[in-house]
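Labels run A, B, C, D, E, F, G and H following the written order; every chain starts at residue 1.
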Amino acid sequence: MVKIKDLPDAEFVQGSYACAGCGGILAVRLALKVLGPETVIVTTPSCLLGVTTFYPQLAFKVPCVNVTFPSTAAAVSGVVAGLRRRGKKGVKVVGLAGDGGTVDIGLQALSGAVERGDNFLFICYDNEAYMNTGVQRSGATPLGARTTTTPVGSLGRGEERPKKDMLGIVAAHNIPYAATASIGYPQDYLSKVQKAMQVEGPAYIQVLSPCPPGWGYRSDLTVKLARLAVQTGQWTLAEYENGRLTVKEIANPRPLREYLAPQMRFAHLLA
Amino acid sequence: MVKIKDLPDAEFVQGSYACAGCGGILAVRLALKVLGPETVIVTTPSCLLGVTTFYPQLAFKVPCVNVTFPSTAAAVSGVVAGLRRRGKKGVKVVGLAGDGGTVDIGLQALSGAVERGDNFLFICYDNEAYMNTGVQRSGATPLGARTTTTPVGSLGRGEERPKKDMLGIVAAHNIPYAATASIGYPQDYLSKVQKAMQVEGPAYIQVLSPCPPGWGYRSDLTVKLARLAVQTGQWTLAEYENGRLTVKEIANPRPLREYLAPQMRFAHLLA
Amino acid sequence: MLQIRWHGRGGQGAVTAARIFGLAAAVYGGWYAQSFPSFGTERRGAPVTAFTRLDDRPIRDRSQIYSPDYVVVLDATLLESTDIFTGLKPGGIVLINTGREPVMARSPETRVYILDATRLALEVLDTPIVNTAMVAALAGTTGILSLEAVEKAIAAVLSRDLATRNIALARRAYDLAKVLGSKEAIACDG
Amino acid sequence: MLQIRWHGRGGQGAVTAARIFGLAAAVYGGWYAQSFPSFGTERRGAPVTAFTRLDDRPIRDRSQIYSPDYVVVLDATLLESTDIFTGLKPGGIVLINTGREPVMARSPETRVYILDATRLALEVLDTPIVNTAMVAALAGTTGILSLEAVEKAIAAVLSRDLATRNIALARRAYDLAKVLGSKEAIACDG
Amino acid sequence: MLAESDLRKGPNLATPLLSTTTGSWRLVRPVLNTERCNNCLICWLFCPEGCFTRGERVVSLDLDFCKGCGICVAECPREALALVEEGISDARLSER
Amino acid sequence: MLAESDLRKGPNLATPLLSTTTGSWRLVRPVLNTERCNNCLICWLFCPEGCFTRGERVVSLDLDFCKGCGICVAECPREALALVEEGISDARLSER
Amino acid sequence: MRAYLNGNEAVAAAVKLARTEVVAAYPITPQSTIVEKIAEYIADGSMEADYIRVESEHAALAACYGAAVTGTRVFTATSSQGLAYMFEMLHYVSGCRVPLVMAVANRGLAAPWTIWADHQDAVACRDTGWIQLYVETAQEALDTCLQAYKIAAHPEVLAPVMVCLDGYVLSHTEEIVEVPDQETVDRFLPPYRPEYSVDTRRPYVFGVGTGPDLYPAFKYNQQQAMLKAKEVIKEVERDFQAHFQRSYGGLVDPYYCHDAAVVLVVMGATAGTAREVVDELRRQGEAVGLLRLRSFRPFPVEDLRAALSGAGVVAVLDRDCSFGYEGVLATEIKAALYDLREKPLVTGFTGGLGGRDIRREELAGIFHRCLEVVRCQDEGTGAVLNGYWQK
Amino acid sequence: MRAYLNGNEAVAAAVKLARTEVVAAYPITPQSTIVEKIAEYIADGSMEADYIRVESEHAALAACYGAAVTGTRVFTATSSQGLAYMFEMLHYVSGCRVPLVMAVANRGLAAPWTIWADHQDAVACRDTGWIQLYVETAQEALDTCLQAYKIAAHPEVLAPVMVCLDGYVLSHTEEIVEVPDQETVDRFLPPYRPEYSVDTRRPYVFGVGTGPDLYPAFKYNQQQAMLKAKEVIKEVERDFQAHFQRSYGGLVDPYYCHDAAVVLVVMGATAGTAREVVDELRRQGEAVGLLRLRSFRPFPVEDLRAALSGAGVVAVLDRDCSFGYEGVLATEIKAALYDLREKPLVTGFTGGLGGRDIRREELAGIFHRCLEVVRCQDEGTGAVLNGYWQK
């Protein structure tokens, strides 16, 4: 279990151009507190790349290898192999992608890397759409959500398909460790990052990271919504370990409305 | 349940340039007996494309849409949408790929199509390696198998990673119907094809289809090995339906050696 | 040719302002017009600019705007981090949304007008979104567009409900600005 | 320049035969050599061809072989479906593995030799793989390569165990073929 | 050879279109003993090339596409099929 | 601006390298009431920009990168943080 | 209808007016708003089409291909990395002779990452067998999309068409656009129903394999069709002109070329700025002209020869670079003029990369440099220009 | 060591001799046997390297990129569809200035499907910022791979290199190859340890994004480095020659060009056949010559000018086509010669597509046609050749 008090003072990402209240950058900031300075980030087009590695604003304090959108995890394999060849032990290699870069265009590369059994951690910060390009739906967009490619109209009712179960998909790869988390539950999230980091072989964490403009809510609600998603049953905190899936039970789920109401993307459902 | 006696006389693929004893072409021939003439095949580079659609030897008797290796299932979605627009109901659209074209380079497109919920059947004829290009390992190559990219030598011990669990991956997509089959069990296989064809939405079948030169065995053993794989527990006949996975139990598994011994690709394991 | 630069922050609607102004001019005002954003990767809160070009003949120039005739500032806090006067044409007009102290022009030829559009917006819309107010204010100050043209453009761009309230806002801003425009130098307080 | 065409079926080792012959010539026989397959998508069982070029100076020509000096047929059943004589140079040699009736040459200038390499192979290897036998047979018939060169090439290409037995086969084929080569026309039965 | 008009519309060609049968690939050939056949259809089902035709009482065999893989022979539960070397009557090769 | 030598080796640049702080983006600003703070570190944990520093008794706040998102204010269990409009002291905007 | 649209909205309007039946696309800046608009049309019921929400651009084009072979009118759009990720499919669909239409909102390619306009993305795809038409205005974007459907499906062409519009500078810039009415468009553009399509009663293999004997013939025909497209593009423009009273010059769009000593060659929106500069210099008495290349593929060799043969210097502005050689247009125009007996000096300028603005002063500077060379030549000194790179 | 290897085996031998540390590749005909051989070396312990078994070519190049930025020597290989599927990554790694080496066993592109050689796959990637060297023999394939590592990592180049060998005709054709010994190779090629690499003590961002202000400068430097590579390629060949006593002419490889009235320009293995034809015609007293283009990128404008300026007719044989224009080499050579005062007639021939064999008679036919034109010109009739397409 990670102790918040024991987290280091040092910030490993700071000065990004993320929107005020960005859940994604918070997810990354927190993960790096656990991962520490001996980490290499491998990342891909997404808000995150846009806001952290666009000269003259380079916000990472650890090495960061940017690669094209479809091949994050493949580049991860390359970095892992290269560091091994260079004899650099103890450096963690962390693939970092948005939901689009993970469950859609980056899925195949991730599947390949997990199958190869390389030693890395892949973190998907999930804001449930393609935010960097203007809030288009992704495979991780939840049923009913309005995005710019699933608009609401006389025929359109928002996203028509349920969210892709990426944890299940990764688990089917017989991955040593995989989990879902939420930035609303940092203790849980960071403990999972720590576990994932210690595991031999590939590990995967998908962390719910709300996005104020993309979801259409006031920026100070980011953490609240990340919590509400769990409390209303819209997001589960699950862990897949030694071939078993455990899901954190929510004793008294709160009414769904509490989660949906503050978000413009669901406004048509409540209207 | 399909009755063998009721299958049509008509052959929908004939005159291919497949090797003598090719399990893949048999898998396709049989499936088409169930699917019938109102079927469109969408296929991709593989032995199958090479042996059936290379002018001047075009062996299909149903329409066949060839597409590039990474995008079989995406083309399937296009054909489905197009036929819907043209008002052509009742035409089955069947994606057909080898294991490489399914579990490796074609995985992402398949994941996308399944997620979209399009109405199609995807058949993966699984010969456990890239045969068309000369027997390189794929994600479906079983642990220990020798291929040209997992050679055996003082350090090499054949394929180092277990076979990708594609049924599990597809099932994690919450697909309406998915199954594994073997050409050694045609009754089971064809009944699954029939079920899959009748289901609304996407369906997936992965059928074990031995390959004499690729596995290194005498061509008359194709069906025997397809049976032995099941009988020795190296291949399961499973079905995923209504969210549940059922696996055909093998009462008295036969010794593994019976399956491995006739195959050159496993010779080093028995040596 | 008249060139306008709009300053705001990501999310404040400067890009929409540039568009509404262009639309009002092009479809309802008898001008040729062109409008475009600053082509950036700006996120919410970051300073952004947008541009409108007007002319009485078709506009073919596709280069960026470096010497605006008018500069409109949707958010006075930008004044601290941004040089809003950059490139302003001699004799140019600067229109700033602020309820505070007037701003000093860089050159004596520049006319700076201020207007507390945020207050207006909070009154009319109950939210501090000032882009339509500033569009109307620019129209009013400069007299280059009629209120009617601005109203029609707002109606065309915003959804029905939003449009009605923004038109009300625009009217108030326009009327105030008309007075402004007739004055010599800095005037203020809507 | 000498050009050789090898006929076989997918899986019978015609491509390897072409290579072994080239290797024997190039590394152990004092020739320059080049060998290549028929560049097809052929599957097991389908007719395939392969080629070897020999010369006493470096070989630069990269075009296909249309007029072979020698044609070697690894499998007599091919005679039914394939015209093995195509392009054969006048005075060329055809060497066929068969235990049956001799084959009629297309032109009086062509010399056709037959050899029951399958029987030899079954005797020596216990399997009807005839490619090394036919390599040796061509060497013997034409005299362009020594048995030693062929043996060394077999040793270099095949795994140790396979090589030993194939060398034994090659020897027998070579000796038989030497006799063949000295004869005028069709001879047979190893 | 294709007609000029076929070439113009690109590599999209009417199917089936078989320039050759694959029977010539065969080194060995299945022969059916109709005496023994009980019409169980196993060969019909398993032949990759679709060489068998169902009959009233027994199956029949068309070798145009038969590649001599031997599956039918191996699978026939009644030993009603055997492989012989193509062209002659002995079955030497089939013994391997 | 980059040195010629940096340009030569392509778009691979030493990091961190921050040309601007993002504090200027802010319309509203959190103010800390050290009286109320009990050093629970919630704000420190949740601030996306890492603006808080842990202290002996209370946290402290550096606004160089603060974008005024309001998360710290919303999450502080002790109401030790409040948002005020940037530049002036009233908190009008924070009331929305 | 007089509307105020940006280039992307103009493209979306065309796609709707063309009664496109299947759309498959993947988001990328600055293309995304095209398909967002289309999604909106479909959601509000104003357009009847299937929108396939694919997981990548390779899949987008594969889905379009699948739909196209069933005989439906299809559309996709992309930019930059997305276009590059489609590269395999680009060759494939043109080889399959499928009449697709794709809008490309041009943007530079990584690395370094950029989201801004240049022509590298599309220019680098010039060998793929796609027709490439570059537009100057939002109006032309709309009109060219309509034309593109007709060109692509012309039975003697059967080639996919890319309509290229500069990212942001066109894609995100609003201006006045005359949106034609549906009836006229319907008259101009009949429904797409090809000679053969996926049909179980008449089975085809789409995209067969073939050997060295036939492959060259297929490719020959593809090349002939692309050359034929030069005529067809002009023909379709005449037809378009008849229906809509607008036209753009077909393959090339010359502006004061006939008597120009210096002609600047550009593609895309820069032409607009250049027109202003030409007018200005003409007012000053300088014999300068502009040639906008509208059709980059097929490459209008004959038209270029005709338009440029009289010039003293041809200045070619490339928003792209074939690394290790030079700007692509410069190379290709030199080759086109190679056989002329009297040829102009051709000199390349590289600019506008990764969104770098191309200013009037810079274009004027190019003209002035070239005019000087012309003067020197007249005086017999024959100075040679060196290509200039806007850094 | 005198060995008998085909082109693919020769490449694999070079990769091993270069002490390559990471290999990532995906199978495709006719490339596969290269990496199969490497897998064998690793399995039998004769080569120490990581072999990453990727799931696609896009991933192959991404994995190579990841390994390369850690400062290791890497290799990949592909063909045709695989190269096309890497296209996005091709631009990316060159933009990132990563010194990769890739072998391309050239093969035509679908559709129609083919597995046989032409140059369309690599030629269509000429703008990607990769150095492209085309080889004539298996020996040259081996030697060029060794050179490629040195060229790519040269601090003033830092560009990835493609070594292109014709599918089958080279990749699957055995011939005599002199395999150098490890010691000499080690002397020629020191280990690769770049100035900066992934290092937690000195963190870098690899592949930053950047705006319109800087993007052009990065690209300018990339272009300058590619132009600089012309010198470096020659320099490395001289160095290679000193170590191994073999060389190939650097950028271009002229054969009887100096006094030729007709020069044929080719790339790849066809040069061998053409040499035979030149010899034959020379014996008959015809002034013909051959120019093999070894470095296609960087494009050796100066060397081509020097070698071709004296010819009457330059016949360019393209195994590729830029659909809607013409053969790519023809275009580019015309452009290169454009500024010559006295220039040869340049005429393009398209052949060898999709594996079509190029026969001696056909090459002789091209020479004869061109010789006739030269004769007509001498007589002042000035006939113009029309490009011929081998159908």
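Keep in mind that, in the parts below, a residue touches a chain if its C-beta (ideal position, glycine included) is under 8 Å from a C-beta of that chain, and two chains touch if they have at least 3 such contacts.
Quick caveat, the model's predicted, so the values are computed rather than measured.
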{"item": "Set of chains whose contacts include both subunit G and subunit D", "value": "B, E, H"}
{"item": "Touching both subunit E and subunit H (chains)", "value": "B, D, G"}
{"item": "Top chain pair, ranked by number of contacting C-beta pairs", "value": "G-H"}
{"item": "Maximum centroid distance from subunit G, chain identifier (CA atoms)", "value": "D"}
{"item": "Identity of the chain that, by mean CA position, is farthest from subunit A", "value": "D"}
{"item": "Separation of subunit B from subunit G, taking each centre as the mean of its C-alpha atoms, in whole Å", "value": "42"}
{"item": "Inter-centroid spacing, subunit G versus subunit E (mean Cα positions, whole Å)", "value": "54"}
{"item": "Averaged-CA centre spacing for the pair subunit G and subunit A, given as whole angstrom", "value": "38"}
{"item": "Centre-to-centre distance between subunit H and subunit D (centres being mean Cα positions), rounded to whole Å", "value": "35"}
{"item": "Junction residues of subunit B - those touching two or more other chains", "value": "17-20, 22, 49-50, 53-55, 58, 60-61, 63-64, 66, 68, 70, 104-105, 107-108, 111-112, 115-116, 139, 212, 219"}
{"item": "Shared-contact residues (touching 2 or more other chains) in subunit D", "value": "39, 41, 45-46"}
{"item": "Sequence positions of subunit E contacting 2 or more other chains", "value": "2, 10-11, 13-16, 22, 25-26, 67-68, 96"}
{"item": "Parts of subunit H lying in touch with subunit E, wherever the complex brings them together", "value": "111-113"}
{"item": "Residue numbers on subunit H that touch subunit G, as the complex places them", "value": "58, 81, 84-85, 87-88, 91-96, 108-114, 116, 120, 123-124, 126-129, 131, 159, 207-220, 222-223, 226-227, 229, 297-299, 301, 320-326, 328, 330-332, 334-335, 337-339, 343, 345-346, 351, 353-357, 384, 389-391"}
{"item": "Contacting residues of subunit G [partner subunit E, same complex]", "value": "69, 95-97, 158, 195-196, 202-210, 214, 217-218, 221-222, 225"}
{"item": "Residues of subunit H defined as touching subunit A within the complex", "value": "21-22, 24, 49-50, 52-56, 58-72, 74, 88-89, 92, 197-200, 203-211, 214"}
{"item": "Of all residues in subunit G, those that touch subunit A in their complex", "value": "26-29, 32-33, 35-36, 39-40, 42-45, 51, 53, 55-56, 81, 85, 110-113"}
